[in-house]
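The following blocks contain the structures, represented as structure tokens.
The same chain A turns up in both complexes below, where it pairs with chain B and then with chain C.
Then we have the complex of A and B:
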């Protein structure tokens, strides 16, 4: 992945009547990267991607592809291509004709078209016999691959995906996620992938852009988004999380409801006098400190509570703990570190400073 | 389970089958019977022969038949081109407009076809709306626009518009929007989308609309009588004449049988050409 920008968006707005679906979107997509745009349903992801490929016109703002303005170029003249949520395969054509469609449009001769289609079937791990199959004879996963092959046949500068896996079952989705990541590596193309599933984004992408109500909340590599979210929204969107409001008084004293916080430690949270924030710690970074065999580094921040429930997540175990002011706290451990307590037991949770993160602002 | 479904389906279809048999097939059988009777008889109890068909060939009825088929074809093609954009707008663009257009077109069907055609006679005839006003304003008139072949085609187009428009709109509404968008996204021009996506996917509606208008226009008689005068004698007119003035029921029946055979063959070919299930991708 290079640092070169392939797609740049500045001040992009989209309004539908009184409703503003996109508010001043700025984004730079890097050449060859796998960028995931993640957001809850209705946050404007599809709207955004439709502007990228030219199916809709922005109300305001500019889109450059390799330095050239493309926001006024019609969809069929843009060197971009999209894999639809619905896949949008042509039901009246065979698999082969679907894949060949963009080549036919480009005027490639039939023999070459066929050859390329067969190559793409190989690339997508579909048997060559599928060339003559009809779309309705293919399973969900196979259709997915046909749609991908068709998009690759177009040979776009950037390939956009609008939640193409959302209709598939869990196992198939996992398989295709891996294949997609692998395909990205092999083709070296720039992928922009939209999803409402954070897990999917984490599994595949180099960078993640979190979208909320028509705005980007944070654009960063997956690890950074996970461990250092810029807002409570991002923190909560990225899976289970424990959040504690913290506030520095005007005289610099840190107050955190229910948390046992050593002043020396508190000083290192990085809160200015008079500033409010949220202390975030992921369940897997929290330990049950009153366990007999508690190992690892001594916790710097602790909180007391009562065990409510234990959930089995397969390889991991999750505990629900009720905090001192009734808040719900979550702890996760590996299966072999099972905590033997029963519901109602008093427990103390703790973690070190480097395992938590402070979100500034309310 | 599926077999039970099928049996129940057949059972529920029985009343309709009986009704169709009585009201549709029985008269057809009578006509077929008369068509093989000797000339000018009025019952079915004679030695069958094919004299009526021979007479039909000798008298040059093929001309009327050709006129009917030709004008039906012309009006069908004109209607297809004319109704496509309208149907497209109905199905995809203006939802409001669809309702207004539908009500308008359906309302016009409440007025008898003959009366509507008379309206056109009054408009197009010499001294009628068009020619009359033209002469009033410019001082020079012309012979009126009636009594020629093109005006018959115009009449057919006018009368059978709903039979093309609604099936076409139905067909176009079956074209998924995302398929059109995907085609554009993959570089296809509007013309190519029309040719490779819209037309094949709307084919069921196109075929139904074309068959309806073609079949109806082939059997049409009022347009040629009212607007066309004696310019062209259509086949349905000949059938009518044979049954009434001619008092030759076997000849009329033979003419009708030929017409039914041709139209039926075209309908069967048309329906078979579009495999509805394959197009919709829903074959079981």
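Then we have the complex of A and C:
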């Protein structure tokens, strides 16, 4: 992946009547990267991708592809291609004809088309006999591969995906996620992938852009989004999380309800005098601190509570703890480290400063 | 629950009776066409196939067939084209007056055909158009093209709009999308609409009666001869007309299988 920008958008707006689907979106997609755009339904991600490929026109704003303005170029003249959620495979054509379709439109001669289609079947690890198969004879996973082969036959500058894996069962989806990541590495193309599943985005992409109500909330590599979210929304969207409101008084004293916070530690949270924020810690970074022995790194921040329930997540165990002001706290641990308490037991939760993160602002 | 033997026998009998009720009258016409007697009476005492020879040789019958064929053929072709685009407007695209269009387009089907025929005749007179088989084509279209539209629209409803978007995304112009995606996918609907259009026009009597002027189609002639000048030539021509429809239907039913076999042979 290079640092060169392939796609750039600036000040993009899309309105449908009174409803503003996209609010002044800015984004730079790097050449050869795998970018996932993630958001809940209705966040505007599908609207955005439709503007990218030209199926809708922006109300305002500009899109450049390699420095050339494309927002005014019709869809059939743009060098981009999309894999649809429905896959949009042509039911009246064979697998081979589907893959060849973009080449046929481009006027490539039949022998060359066929050869390229067979190469793409090889690339997608589909048997060459599939060339003559009908679409309805293919399984769900095979159809995904055919749709991918067809998009690659178009040889787009950027390949867009509109949640193509969402209709598949869990195991097949996991397999195809790996294949897609592998395909990205082998082709070196720029992939922009839209999904509502963060897990899917984490598994495949180099960078993740989190969308909310028509705006980007955060654009960063997966690790950073997970451990250093910029907002409560991102923190909560990225899975289970414990959040504590914290506030620095005008004289610099840090107040955090229920948290036992040493002034020396509090000073390192990075809050300015008069500033409010949210202290975030992931369940796997919280430990059950036993009353007498404190093994491992000494917790720097602790909170008391009562054990409510234990859940078995397979490889891990999850504990639900009720905090001092009745808030629900979550702790996760490997199953070897079972806590073994009974519901109602008083417990102390603790973690070190380097495992938590402060989200600034209310 | 498995039906009992008795109720199964009852259902079978009911089915046979229904089919008998539908097809026996046609059989009666068949018998009448091979009677030697000039007037229709049962039981038939002497059989004769001479009327078929006469029908084949008759110039009148040839002209009738020709006019009916011309009318039905034109109605078929025009209904298929109008119905195709009508169905796209009916089922495929969202536009402002779609709801109104959907209601108005279907209305002519429910008009009594005699009234529709009379209304059209009055219009042709008012416009100074002399009625002939040409005007009958127009009259048939008023009634048949909505039916064709409806048949194709049913197919268009099951059409995934992202197929057209995908084709455009891969570089297709509007015309290429129509040729490569929309027409092939709607073709089964267009063909059955064409079949319906032909058969409805071929057998139509009330609209033709009012609008053919001096020309005459097969059903009109059959009726006229029943009223005055009956001979076994009437049921004979009737049977020939039914046979023509049946052959057309049989070909249409067999066509997909034949095409598939032919394609398979061509591929090998």
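Keep this in mind: the second predicted complex is superposed on the first by the 358 of 362 C-alpha atoms of A that agree within 3 Å, B and C clash if a C-alpha of one lies under 4 Å from a C-alpha of the other, contacts with A are read in each partner's own complex, and residues count from 1 in each chain.
Throughout what follows, a contact is a pair of C-beta atoms (placed from the backbone, for glycine too) under 8 Å apart; a residue touches a chain by one contact, two chains touch by 3 or more.
All of these numbers come straight from a predicted model, not from anything done at the bench.
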Label the relationship between chain B and chain C on chain A in the superposed model as either fit or clash. clash
Using the superposition on chain A described above, determine whether A:53 touches chain B (first), chain C (second), both, or neither. both
Could you tell me if A:120 is touching chain B, chain C, both of them or neither one (first, second, both, neither)? neither
Which of chain B and chain C A:27 touches, first, second, both or neither: neither
A:106 contacts which: chain B (first), chain C (second), both, neither? both
Touching A:349 in the superposition: chain B (first), chain C (second), both, neither? neither
Touch test for A:317: chain B only (first), chain C only (second), both, or neither? neither
With the two complexes superposed on chain A, say which partner A:81 touches: chain B (first), chain C (second), both, or neither. both
Those residues of chain A which chain B touches in one complex and chain C touches in the other: 53-55, 74-77, 80-82, 84, 86, 88, 90-92, 101-102, 105-106, 150, 154
Chain B partner contacts - residues on chain A that touch it in the complex: 53-55, 74-77, 80-82, 84, 86, 88-92, 101-102, 105-106, 134-136, 150-151, 154
Please give the residue numbers of chain B that touch chain A in the complex, ascending. 176, 178-179, 181-189, 192, 196-197, 200-201, 278-283
Contacts from chain C onto chain A in the complex sit at residues 160, 162-163, 165-173, 176, 180-181, 184-185, 267
What residues on chain A touch chain C, complex-wise? 53-55, 74-77, 80-82, 84-86, 88, 90-92, 101-102, 105-106, 132, 150, 154
